[in-house]
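Here the chain labels run A, B, C, D, E and F in written order, and each chain numbers its own residues starting at 1.
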Amino acid sequence: MTQQGYVAYLSGKWIPRSELKVDVSDRGFRVGDTVFDVTRTFNGKSFMLKEHVDRLYRSMKYARIDVGMSAQEMTDVTEDALKRNQHMLKQAGDFFIWHAITRGPGRWAHSAGPATVIIEVGTNPWAWFADFYKPGAHAVIARTRSYSPQMVDPKIKHHSRMNFNLAELEAGDIDPKGWPVLTDTSGNLTEGVGYNLFLVSNGVIRTPGDSDILQGVSRMAVFKVAKQLGLTVSEEALQPYDLYTADEAFFSSTPFSVLPVTKVDKRAIGDGKPGPITQQLLAAWSEQVGVDIVDQAERFVKQHRTDATFGR
Amino acid sequence: MTQQGYVAYLSGKWIPRSELKVDVSDRGFRVGDTVFDVTRTFNGKSFMLKEHVDRLYRSMKYARIDVGMSAQEMTDVTEDALKRNQHMLKQAGDFFIWHAITRGPGRWAHSAGPATVIIEVGTNPWAWFADFYKPGAHAVIARTRSYSPQMVDPKIKHHSRMNFNLAELEAGDIDPKGWPVLTDTSGNLTEGVGYNLFLVSNGVIRTPGDSDILQGVSRMAVFKVAKQLGLTVSEEALQPYDLYTADEAFFSSTPFSVLPVTKVDKRAIGDGKPGPITQQLLAAWSEQVGVDIVDQAERFVKQHRTDATFGR
Amino acid sequence: MTQQGYVAYLSGKWIPRSELKVDVSDRGFRVGDTVFDVTRTFNGKSFMLKEHVDRLYRSMKYARIDVGMSAQEMTDVTEDALKRNQHMLKQAGDFFIWHAITRGPGRWAHSAGPATVIIEVGTNPWAWFADFYKPGAHAVIARTRSYSPQMVDPKIKHHSRMNFNLAELEAGDIDPKGWPVLTDTSGNLTEGVGYNLFLVSNGVIRTPGDSDILQGVSRMAVFKVAKQLGLTVSEEALQPYDLYTADEAFFSSTPFSVLPVTKVDKRAIGDGKPGPITQQLLAAWSEQVGVDIVDQAERFVKQHRTDATFGR
Amino acid sequence: MTQQGYVAYLSGKWIPRSELKVDVSDRGFRVGDTVFDVTRTFNGKSFMLKEHVDRLYRSMKYARIDVGMSAQEMTDVTEDALKRNQHMLKQAGDFFIWHAITRGPGRWAHSAGPATVIIEVGTNPWAWFADFYKPGAHAVIARTRSYSPQMVDPKIKHHSRMNFNLAELEAGDIDPKGWPVLTDTSGNLTEGVGYNLFLVSNGVIRTPGDSDILQGVSRMAVFKVAKQLGLTVSEEALQPYDLYTADEAFFSSTPFSVLPVTKVDKRAIGDGKPGPITQQLLAAWSEQVGVDIVDQAERFVKQHRTDATFGR
Amino acid sequence: MTQQGYVAYLSGKWIPRSELKVDVSDRGFRVGDTVFDVTRTFNGKSFMLKEHVDRLYRSMKYARIDVGMSAQEMTDVTEDALKRNQHMLKQAGDFFIWHAITRGPGRWAHSAGPATVIIEVGTNPWAWFADFYKPGAHAVIARTRSYSPQMVDPKIKHHSRMNFNLAELEAGDIDPKGWPVLTDTSGNLTEGVGYNLFLVSNGVIRTPGDSDILQGVSRMAVFKVAKQLGLTVSEEALQPYDLYTADEAFFSSTPFSVLPVTKVDKRAIGDGKPGPITQQLLAAWSEQVGVDIVDQAERFVKQHRTDATFGR
Amino acid sequence: MTQQGYVAYLSGKWIPRSELKVDVSDRGFRVGDTVFDVTRTFNGKSFMLKEHVDRLYRSMKYARIDVGMSAQEMTDVTEDALKRNQHMLKQAGDFFIWHAITRGPGRWAHSAGPATVIIEVGTNPWAWFADFYKPGAHAVIARTRSYSPQMVDPKIKHHSRMNFNLAELEAGDIDPKGWPVLTDTSGNLTEGVGYNLFLVSNGVIRTPGDSDILQGVSRMAVFKVAKQLGLTVSEEALQPYDLYTADEAFFSSTPFSVLPVTKVDKRAIGDGKPGPITQQLLAAWSEQVGVDIVDQAERFVKQHRTDATFGR
């Protein structure tokens, strides 16, 4: 293993990222039997790692995947992974860390295993979002629905995301740069494909309750930052009407923190520009982590734009 | 590539099966963005390959995955794959052929690609089912639900199956050898995790309509064989009541054709033994393919029991 | 036990009907844990008893109530009950026979028992319906819904009928003589409170499919009689629209066979009179059982009108 | 009536408990047309009787059952019943009081009556729950669903509980000592079969809102006790995920006040032991009523274990 | 245009009210493609006009109707309309102002137009409600459901109200003076046909949350008045049970502010008389607007009873 | 009334079409309280007028609108209307006839009236569809849903169509010439906004069953023509998958009979050209009515393209 590339963790071994592959008979590939989580760094330091690891372990408890190591061990290995990739930080700008745990091989879930444990460290995926801080992202409310907790609870972070894939395609049909937002089968807004949704009306930040969505760590961070700024956040059932008639809107997600949303289904939200409360949140968050979030993204995207990676 | 093992096809190349892996950033692993199909052979010849390839292409049309080759080309490569693995037939008994097409790399579905194309040939998975022909399998009606067509249509064969995984776990809670049967959100019986469900009452073969299930090729074969035997098959909405009070029941699937089901939720179906119509179907099918289906499975499972593989 | 009254069967004993009571701690009273069936006689002979007993045993299989006797034994005891009450026939006109099986005492269903077995013989409940053959009954579509098979399958005949009770009250709100018709949670017509619904349009007899309703024995009899008369019966999803715009409508139930329905929600069905196909069915049925069904009811109701009993 | 047994109230008369039976034609038996409530005593004094009687009268208002006596009269008769059974207190430990009001006889609900009024006093059912205070009860999430308010509102306490019976059987399939927990048709947790559900996570007590459940009097008592202890209680939509990942859980019900739950679907909740907040609630409640709730149950269950009664 | 009648605004022109007609090919008539709002005056001055105009513009944003004038222009024209009709005030008592904006002519919504803009001023419709202040209105819970936000969001005020029409007919079936209350498809109470629903229990004012209802301006006014009076208002999911067992109930709507409801489905609410909190709200509201709301309505209804108009 | 223009019928009077307006207080405008039907002529003769009038009367029976004239009288007036407009036939090519019946004025539906009766005769709306016969129309599956029969039965033809309006807008978002297709709340395909949907796969014509859609007269005509051609038509639950993977597709509606559909959601259906069975149906229909349907439309659209009218 040289200094030239990223180092990854695969079920107890450290390997070059380029060798990070799974056999196609692994249930993680074969039946989407994987839970995962994504953390990022600010200035190379992991951000809210504890919350991400805790959520990962809740996902595993729900899916009954036995990872064979404690949350503390997972945290330690993660910090080790960061250290082992420290030589890439300058080039990356900042890292994302992807934990993925599959149930391993086996025909039946109850007798499958052992789990495959993956920790990948890589460049925070600037190319995905950096260009949208200024003009705002365009949301599209997809026809495809979120899974109901009767099928698989949206509160676990897993890889069986065909509905997300379909929603992405539908968003592209309406707006080539469209970011999908899903609804549940009752028509309530839920979340995007790896990001939570917020809107602002009459000065109140509103977001769907956390029953039928991923309980985003960045979503929690928004709550915290908003509280510090004296802003009210309300969790409530929201429908497309609320988004169409909002004053402003934004997404939250680990890689980008907060991303302004200025259009939905081709209609301008508010005056069609990133809103003042959204900006305020971004500024306060930047200050707390000691990184100008927008500026960093815009700087690093230039060298990474062609370096497409998936990470979210 | 030697004669010692299986040969697989990966996006245009022939490689040893042991090298058949996908990068973890492939959408097939990362977001369950894979459609697939499974064919088996009888006496080494593919069975209903056309139907399987057609369904695979329908899955791709729905999911908008561009595989970059025509159905005829896919069929030709598949037959080639069989030829290249002919040396394994004697040991395998018969083959399964697994086609899996992922959308490839990329953050957004609409700009992802190129597709990853996998054709795997392996031993028909005898260990999964061979022991159940005589005593019958035990069904368990899972609490977890089938996806609705509003999320992802169950008529496409895809890898985003976390709900199947959960259903398997629930089946194991009730019966260590339980085979899960799912219902839709209205409580109607749908299908198993890779097999279709049939029941028999008053001499009529009954099975859920094909709107909310995989349109099983073996299911179609049951229709055909039943017709030849002068048996009536009725597609209709069925509920757990119908399975509890049935005279007999069975599953259909590519690897095992027809498998008797003799219990559901710990209750005997009929007299608790494989039913006469089920047996009749197995016998007629065996005759048509020139293979004693049960006998073959029981013979080959002995040498493959420890050779666990996933294939279905 | 004298000739003065009815004789009933209670868990192995023959007792006067007046002593037919259950302890309030019996689950049959305490949690509605009873399945039942109702048969009637024509000229004192049981009608379709086999079908009723079979359905009773299906109800028990579903509810996992162990009655401790075979269907044949149940049939024999039933015929015995008829014999023991033969002295009441002349006064009664014809009998209804009510089988009710409770799970017996116990806090948990899985360890409760032994079952309480009741066979009651009594006067067919003429007062319930006799006055409606000529003018037709008035249907009211209730706001209260049928249970879904996810709660308790409507195909089992059980005593947990609070929703039926509410529907009866609602029917009375709209029409003091209203007979409720329920819908499922999608708004499809299901059944009444102890009777099935049929309508006729363009010469075709239409009735809800048997997934979400009691699979009425009289409903099956209607199918049979209709077939003999060369009439088409179609099982299909029906909505209130279909009943409002029907040419004729009728109910079927064991005590009255077929009962014309001439109004629904205060609106006339067709020309507001019992329809010709309804009449044809009643006539053919009467002929088959050797009893003028309408005439018999109208004769016997006179002496039983004040003799209110529940039986259905 | 001697001192040897319990005295019961039946529609205006005082009778020995052993004679407390209902005719099988009473709608209470025939169509589950009964509303009821259950109160218990501490040190022989009724606990929150007013709240129980009020809820009973709300149940009657909803079901339109005319009991023919005022809430005050009902309260007076209840206190009288306690006095008349005072001689049994020492043996019983404490009493439960069961009010059950049926609509009485009659084919149609709107013309049925007069109501049958039952007040039963008996031993608090220690055998049901006493053994679970220390190790904790095992919850099982049933496949069978709660009734929706569209069928019969779960806020009324009634006897039409076939779905509860089925849920008990399913719980037993998974865990012989399983206590069922139901969900609504959207998959949200609702309640058990006579007990409410609470869970604790991050120090917050969480419980389903009271729209689709029985508005438990003990549930209200939990709210009150928690408030006195400075604990936060949150009413919110909860899913199985929340129970699987909770730190602790407990049931509330009149007979046992608060009962720790330590497993769900075979998985440990938290560390698999009764949680500290649960214990705190039990201790505070014991102090308020002047009875060591756990100790009393464990003492009295010894003599009552074989004395199975239904009461809840 | 003389002083004899009302003056109306139609797409830029002032015309006599009697000429206020639309061509039948206008989408407003043809496909219910109209959004609207209704404001009233107190002492001839518009009340909460800003809130009504804002809601009208939210309705248009949702429905993508381009009215071609700003909210300020709309407000100005509205005030002008009031001035132009000032000569009618004495006779009218007070005015209602009806804004209706249709999409105009055209086969497809996306290419239709220009919008038809209607502002009608007329007599506040006293005859609709004045007689109910004293005895209270009679509510009837209709079988017909509110539209779901998946079809058209109930938060927009539009003219496609066939379901309201059906609900009115159903209310009349049960009570000739019945005011319908609708539920959503889950059975939760939503709203009436142009009025919101409130109930009071244990001193708390409770009303359905504003996701699936019109966000009534008068509903907001109730919130405000209640707050000033120190009363608690709770927005929550409510079911028929809650209305049946409430202590008092009332409707809110622009024409009548607050209207007591004393019966529901023929059952008395509380003691069957307008409740004290309802009266308190009416009194406080009257004081704030300087009009005795009840007295005014009762005075003016005498001369307008035969002068039926639709306005709400 | 001169020969220069169309003559219309309005509640008993014959007036110039240009004067065909309704007062804005008519419930037809105010609350979408209108039922209607549309017939067309071939060679100036009404086509299937009886079926259209019958359906209109079923709509009125459902909505309880009393039109005050019999179906025969309606038919007679309609034929009279055709005669009175005969002078326009040559210019029009062929006519559409629009019957619209509103409930008339009044605040409450049960006391409203008298009905407003409109019969409009005009040019068949060639501009709507003529250009699509050759290339095929582009379908778009809208996110907005069909009303459920619980709100207003889709089998009645009414004017409360805000959901259709929204669906049209959504179709335009994806394809400027998109024709919306709606689904029900379970995700099943229902119908377009004034046209029914058919698809063809494996030589079988498939279309949604008629429970949740308008029972199109042209749909019935397709059944008849198909039968004459020896083609199989299957009514069944269909999902978007079925449309995406169909061999061909078409719409049916009164103005255009049958219209090929060659794209859905930007994806080609089959080979992207009008299919052979669709063509066969058009040819056979043309022959039966003695009009080359496609040729006529293409000829007349030239002079009417700018003469946009709504009619469908």
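The working rule: a contact is a pair of C-beta atoms (placed from the backbone, for glycine too) under 8 Å apart; a residue touches a chain by one contact, two chains touch by 3 or more.
Note that this is a predicted model, so its numbers are computed, not measured.
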item	value
Chains in simultaneous contact with chain C and chain F	B, E
Listed chain pair E-F, A-B or C-F that repeats interface B-C [over half of contact pairs the same by residue number]	C-F
Most distant chain from chain C, judged by the mean position of its C-alpha atoms	A
Between D-E and C-D, the pair joined by more C-beta contacts	C-D
Centroid-based (C-alpha) most distant chain relative to chain F	D
Whole-Å gap separating chain A and chain F, where each centre is the average of the chain's CA atoms	47
Where chain A and chain E are represented by their mean Cα positions, the distance between them in whole Å	44
Chain centre separation in whole Å, for chain E relative to chain B (CA means)	58
Chain B residues counted as touching two or more neighbouring chains	64, 148, 150, 185
Touching chain combinations (by label order)	A-B, A-D, A-E, A-F, B-C, B-D, B-F, C-D, C-E, C-F, D-E, E-F
List of chain B residues in touch with chain C within their complex	186-188, 236-241, 244-245, 267
Residues of chain E defined as touching chain C within the complex	141-143, 170, 173-174, 185, 265-266
Chain B-facing residues of chain A, complex	20-25, 27-34, 63-64, 100, 103, 105-111, 118, 120, 125, 127-128, 144-148, 150-152, 158-166, 168-169, 171-172, 176, 185, 308-310, 312
Of chain C, residues touching chain B in the complex	58, 61-62, 64, 148-150, 153, 155-156, 209, 211
